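Should a chain be cited, it is by its letter among A, B and C, assigned in written order, with residues numbered from 1 in that chain.
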Amino acid sequence: MEVLLGITGKDFTLVAASNAAMRGVTILKAEDDKTRTLNSHTMMAYSGEAGDTVQFAEYIQANVQLYGMRNNANWQLSPPAVASFIRQELARSLRSRNAYHVNLLIGGFDTTTNKPHLYWLDHLASQASIPYAAHGYAQYYCLSILDKHHHPGISLEKGLELMRMCRDELVKRLPIDFKGLSVKVITAKGVQKIELETAT
Amino acid sequence: MSLFASPSYPPVGYAASAPRQHAFNPYTDNGGSIIGIAGDDFLIMAGDTRHTSGYNINSRTEKKVFRLSEDSTLVLATVGFGADAKDIAETMRLAVNDFKFQHNLKNMTVQAAAQYLFTVLYGNRFFPKYAYCILGGLDKDGKARLYSYDPVGSYSKEGERRAAAGAASSLIVPFLDNQVEFKNQYVPGTNFTVEREVEYLPVDKVKKLVKDAFTSATERHIEVGDGLQLVTISKDGYQEELFELKKD
Amino acid sequence: MSNPFSINGGAVVAMVGKDCVAIGCDLRLGMQALTVSNNFPKIFTYGDAYLGLTGLATDVTTMAELFRYKVNMYRLREERAIEPETMANLVSSSLYERRFGPYFVSPVIAGINQRTGKPFICGFDSIGCIDFAKDFIVSGTASDQLFGTCESLWEPDLEPEDLFETCSQALLNSVDRDALSGWGAHVYIITKDKVIKRLLKGRQD
């Protein structure tokens, strides 16, 4: 019951992940971070097979950062470039004997075009660029909420409000406590953690 | 497919160690397709006349549209497992005939026949007759009525304007959506805001659509072809025409 | 359900007209019954050749990118655009290379040969067998429906605008009867000196 959520707006991308590390019905950890920052304006959230997730995420993180070091600080991978790279790596692994079983959301903000980006990738490396996204059970509960309330030009406040609506719905409907969401926002200023006020 | 081309016992295995089980497969798919289209005061029911088992053609002249009595407008088209399809048609024919003598020579209404066909099909709920049915006729006001059924009897009492069933239904249905119900068609000049209104089609136009649908289905589906049985029911009674379809 | 060709859904159709061709695709990307995106085009352009890809979404993207690479290399080597017929053989051999571990895609090519001016369409199975058709090619989860609509609506020597209407109606009415396809469509109408790309809204269910 891992939850991954992503919402874009006028000048930001929000990416949220549940805090619970689960194994079957047991909660092993209540403050698990299922996100990695890749470079100054991109991050990814991941869910899937334990072990595969962190291994793949850190492999990607290391390679994106290596690219950053090899190149001029003003010439960094854009969010679409990062997403394409990740998809290619995941697609390559798919045809191997031990494929990574990882689902991803890639959030970013392109500082050259001032556009937010959100990519949805599943464990088969199917990629879609979409205005809002979810993985796992959150898809069934949250996508309908976002279908109704989301607009491409929403403000950060509205984005956070939508995130709260999704969180509250999940708390209400999911049978297991996912220990809340860690929310990160990507804007022109970079990646920042945001506290989502607790449910009333 | 060819393994179950006819109702059969499974082939006997030679492996001595593997446990063998007796099983009888009571169903076959004999292919073919049927269409029914309701006009205002007439009805067209049609079916191809090919009867298949797997890749074999058993008959090129087996009709799928049955007239339920000589003096009523009731017509039933069935497709699926040929034996079950014929049995349903015979059951309905008997029931319509019986009804007449039980009710002072009054014919069964099309609504009553529709409900009765449901009873027949649902009566076999736990050993279904594997046949898809389309039932049609004129009501007491002379208006065309058309009903379509799944093998266990689900049908809509409101009836349909057009129905298709059988092997090539997936090819025919979207064509009929477009040409009979004018789906995805808009009134020119309205910038796609006003949908083209559905209207009853004249009989010659409907016949043309049915022939087009079957020549197309024949072209792309191996279980459809040989002949087209086209039945027209109107105030002038029952009229049956036979057309050639490709035999390859 | 576990058939890789019907996990994500999608439909592509190509048609020949009088000195023109049309190619159209739907826009849905799904995971089984859940729609994930309604903006996932399945037609990709490579100079004069238009490639439609249906099947497993990951392989659709992989193939599209692989051919972008291969066609760019071809253009650098030959200093000219690739002809649709050449593209067909490139697609065929690339697919057959993976004969025993195929990409789960059903490609379709449409285009007009700029040298001869002749319209060209063709389709493939997932291991590269080419289907050269004179009329139309269909592929995807709505292929049965497309065969029905195309076979009844299409006629020879349609003018560009009539071909566009025929192709669009065939596509739209087919995807409306397939739960895994739809959510809008792209249709390209290609003549020797002009290409028009149109976005069709279609039913959003």
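In this text, contacts are C-beta pairs under 8 Å (C-beta built on N, C-alpha and C of every residue); 3 or more make two chains touch, one makes a residue touch a chain.
This one's a predicted model, so the numbers in the text were calculated from it and none came from an experiment.
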Chain nearest the overall C-alpha centroid of the shown protein atoms: C
Far-end chain from chain B, centres as C-alpha averages: A
Separation of mean Cα positions, chain C and chain B [Å, integer]: 34
Distance between the centres, which are taken as Cα means, of chain B and chain A, whole angstrom: 52
Complex contact set, residues of chain C against chain B: 144-145, 147-149, 151-153, 169, 172-174, 176-177, 201-202
Partner chain C, residues of chain A touching it in the complex: 87-88, 91, 94-95, 120, 122, 124-130, 133, 139-140, 143
Touch list for chain B against partner chain C, complex: 168, 170-175, 177-179, 183-185, 192, 212-213, 216-217, 219-220
Residue numbers on chain C that touch chain A, as the complex places them: 7-8, 29, 31, 34, 36-37, 39-40, 56-58, 61-62, 65, 101
